[in-house]
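Each of the next two complexes has chain A plus one other chain: chain B in the first, chain C in the second.
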Partner chain A sequence: MDHQHTHNSSPRDLQMARSMCWHCQSEMSGEYFCDRCVKVQPVSKELDYFTCLGIPRRLTIDQHQLETKFYELSRAFHPDFYQNKSVSEQTISLANSAMLNTAYRTLRDPIQRAEYLLDLEAGAVKDIRTSPPADLFEEILELQDTLDEYRAADRASSTAATLCVKLQAERATLERRQQVMEAALQELFAQWDALQDRGEATSQTRSERDRILKHMRDILSNRTYVKNIVNDLVATIS
Partner chain B sequence: MTMARIVGIDLGTTNSLVAYMDRGAPRVIAGRNERNMVPSVVAMTDNGFIVGDPAKEHLTRNPERTVYSVKRFMGKSLADVQSEIAYFPYTLTEQGGVIRFKLGEKTYSPPQISAMILKELKLRAETHLGESITKAVITVPAYFNDSQRQATKDAGMIAGLEVLRIINEPTAASLAYGLQEKTQGTIAVYDLGGGTFDISILKLKNGIFEVLATNGDTHLGGDDFDRLIADLLITEVHERHGLDLHAYPDHMQAVRLAAERAKIRLSDVPETTVMLDLPDGKGRFTRELTRDQLESLTTGLIERTLAPCRKALKDAELTAEHIDEVVLVGGSTRMPLVRQRVQELFGKTPHCELNPDEVVALGAAVQADILSGGTTDMLLLDVTPLSLGIETMGGVMSSVIRRNTTIPAGAKEMFTTYVDGQTGVDIHILQGERELAKDNRSLARFRLKVPPLPAGVPRIEVTFLIDANGILNVLAKDMRTGQSQSIEVKPSYGLSDSEVEQMIEDSFKFAGDDVSARKLIEARLDAGALITATEKTLLEGGHLIASDDSAATRTALAVLSAAKDGTDPRAIRASMAELEQAAKPLTVALLNDSLTKGLQGKKVSEVT
Partner chain C sequence: MAYSDKVVDHFNNPRNMGSFKKEEEGVGTGMVGAPECGDVMKLQIKVQNDTIVDAKFKTFGCGSAIASSSLATEWLKGKTIEEAQKIKNTDIVQELNLPPVKIHCSVLAEDAIKAALADYQKKADGALAEAK
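And then the complex of A and B:
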């Protein structure tokens, strides 16, 4: 078993790692609060968002469960409830709340969730450069020209009107393409989750795992690219 | 552990209120005059500053030294308000990016003026509750940026209040409604006040108030409606009488107040008469104004509120059909056309069960109760209204925390150097949604200290943390040494810490003198108003009462006039009470008389 996998199968290990309460120095066993002195504890930097929000590391998630846990932890961490407490506790409350909000925002959105999981599993998600889908390369170059022409044209002219029709058609094409990519992503998410559920760690599953991650990364990068183009297009013609 | 009491304050453009939690229900504290609202007006008189209703009288008497709508200037530079300076009678200057009002020999920052209003509210609460008040929750428009929030916090400090939380007005309103109705579902809060407009979309579930998106315009409110009416009147006075009222600051204020009154009136009746006394004894200007005319005049402004509503819905990833309830907040939502347009947009009859003038203060009291540990079943999860970013190469803004992110919100950015031996990195923090740095609001600049090393080697991690007040905190850490460094953030449009400290000191220095001086001024003003009113009533209704009563009233009038010239506020108050007693037969007679006249020509069925 590789280290990565150990980490996956028992995410609680990290949290339960021997650490001490910042306040009473007793050994910590509680989740976010010291069992002995009941003081709030800083959320460990190593704790991933899935673990923090108490949901399995999967790409298809139970939104309701996620929200319930988010509300529960908000009640535990929010600065509103630390007004009477010490400065240290207020500082922890602020940091934990900020972290919790980031975790929730990331996991709530399927695309951000997938990007985050990629980062956890394969690392360096920031290296994902948005890139155009290879087969759309020519089309996108042409679209950029049309956009430039449209921006330069007099809005009231017939040229602009013709260009606008053309751009609307392009927009429809790209949006369809975006939907296709999102469907493909859904499919990959399901494959990933199925693989995780099997929980095997053979060389075959490992290569399958790498294939899914790579494929996901490619589509995510293409999708972001197409999405940016569509946004640009919409902003220009509206 | 129970804390000292925390009050909730709505520091409004036109009016301000203070509320507290009274055995589980929020309650607004009324003043001596039985009124819940303190007009947000501060006047400088020869005997010191006065606030609220008495100050309002100075708007026409002493326009150059009477500040109203100070909220419009909070966290602003002179350049920001250039387009509307002409509308204000007072002289504005600027010092270190902060506007100053020139009143007499001295200048005052917007937080100092706001602090005077806050002190008035503080005093009101202390008088009512019989205890010292030092902690408060203050509301701000949801769309206020960091500088405007910070300025509000500074105002609290100058007033001797620890501001435990800055809370957004529409969300405060939702707390008041939530407490009342135990609502669940998705609600839209449409808040059109005296100077600002906000829209917030919230999800209410099991006591959690989660803001999904907010939008607005911090320069759109009742003031702007009044201005359009005033402009119309000024033009007509010019056409009819050849008089340019711009040359008469006192009359400009009278026009503004007449416009405001007409607007308020037209929410209840379809037509009203506007009357203006003209300067230089040129007589009187009279004009009928209909609701239709008002609506065609202001429809553009109302339309301007709809775009932010649509943007907020889009950001919340919802459409109008998803909204279960719509809540109206702010005095301007009393206008029928506003209600109609909001109803059309959301397809729902909006709620307005709670007084739109008071609901924000009530909500602030609820939040105060949450902070003091009184209420634990409700929790507000608010968002930051504007994206926070830093200026990068080429003057582009790079977003660090996106708008509508739930607060507290944090983000980390890594910085390094471009040149060998470089010892500092300049960071410029911005707020806004535009692409280019120059089009966004500059919040602050600071310089990161870096050890001299080859280019690209230093690694400084900067944490941007927006707290629950929506105010930014910045921390930096050298990743190589693990050492944190404190950052001196210089606000672009705010008071520095030492300036605020100086203002707090000044405010304490004059506090003692102020209180007694103010009591005298207020007593004199009230006495003056009572004398004028009684004289007028005597003129109108003297024939209705017995000559004994009439004589007694005249004697009491003379006694009060003498007391008013003295320096003892208690003597003045006592004489006022005597006059009121003496004039009772007169007021009763007049009331009966007017009732009879008012009812003439009406059928019995219309009366009962």
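And then the complex of A and C:
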């Protein structure tokens, strides 16, 4: 009745096209296989990993549920089972398996999971990249100078001994800071999940959401910087 | 993966490593990092009469990041502010023959140049406003 409406709904049309079986053209109601002709269906590249693996978009997840779904789909998509099928089906099984593996590897690890969630959600957050932590950078570069000094010093000398004590202390401080960051991340993960569970969409929850994502972004970045210098420190003094 | 000869050369003999005092007149400091890999880069320029008379860097990161910033300081010396603005990461990629996985190192170097120039400009504008 309203032809203007159908004219404007192209994104919806696209979705419809994807939900049609590539083989028998019937409308898809199954998840990854056509109900009518039982052909495997390509997993859409736009499908996010959480949806792909059938788990809610949360930062604390049920590892067992994730694993179970992964194994189930791995079996369903495995290229070995498609050797006698058509080339199209072989291609789909290969692409689906690749996507599934990446999805599983990403979601299995809590840090990678958070990074991925940030990628998914970041589009809507303004200025998610805050200014670089200049103080931390100064500290890292200074520490690196000390490391260079230590590397250049004669190991038996008193200079090396003094530097070593200093570096040990730095290491302890940095490792404490890592623990603080881990705890802060866990706290943010919990806050994010709680916010999602509430499911409200008021302006207040939106700003709360942005705050959590931004804070998470900062900590995840700083965490990488600190991790690198700690690795270097440990490798040099031990 | 193999580094090109130019990367190895800059890595083994980094040019202009070190730093200026941030507060010094005519000094612009750019401090950037790549959260993905954790590399940190500090690049400084010293400007007199709109020309970069000296440049220094300190980089904590992989060989390509060090080579990119070392090359950047070499290129910056003697350039005017306007010319320096035109340095692109793709120029660095070409000169050092960086592989695709290391392109982000050149991006970091370009960001560092831009940040140093912006910092210099900010300081210069501030000094101008104070003089008025």
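Following the convention adopted for this analysis, the second predicted complex is superposed on the first by the 189 of 238 C-alpha atoms of A that agree within 3 Å, B and C clash if a C-alpha of one lies under 4 Å from a C-alpha of the other, contacts with A are read in each partner's own complex, and residues count from 1 in each chain.
We take it that a contact is a pair of C-beta atoms (placed from the backbone, for glycine too) under 8 Å apart; a residue touches a chain by one contact, two chains touch by 3 or more.
Treat the numbers as computed from the prediction; the structure is a model and nothing was measured.
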Worksheet item: Touching A:144, do we find chain B (first), chain C (second), both, or neither?
Response: second
Worksheet item: Thinking of the overlay built on chain A, is A:56 touched by chain B (first), by chain C (second), by both, or by neither?
Response: neither
Practice prompt. Return first, second, both or neither, reflecting whether A:110 touches chain B, chain C, both chains, or no partner chain.
Written response: neither
Item to complete: Scan A:132 for contacts with chain B and chain C and give back first, second, both or neither.
Response: second
Discussion item. Just checking: does A:221 make contact with chain B only, chain C only, both, or neither of them? Give me first, second, both or neither.
Written reply: second
Worksheet item: Which of the two partners, first being chain B and second being chain C, lies in contact with A:42: first, second, both, or neither?
Response: neither
Fill in: Residues of chain C that touch chain A when the two form their complex
31-33, 35-40, 42, 58, 60
Worksheet item: Which of the residues in chain A end up touching chain B in this complex?
Response: 71, 74-75, 78-81, 83-84, 94-95, 97-99, 101-102, 104-105
Worksheet, complete the sentence: chain B contacts chain A in the complex at 1, 3, 164-165, 205-206, 208, 367, 370-373, 376, 379-381, 405-411, 465, 467-468
Worksheet item: Which bits of chain A are touching chain C when the two form their complex?
Response: 132-134, 137-138, 140-141, 144-145, 217, 220-221, 224-225, 227-229, 232
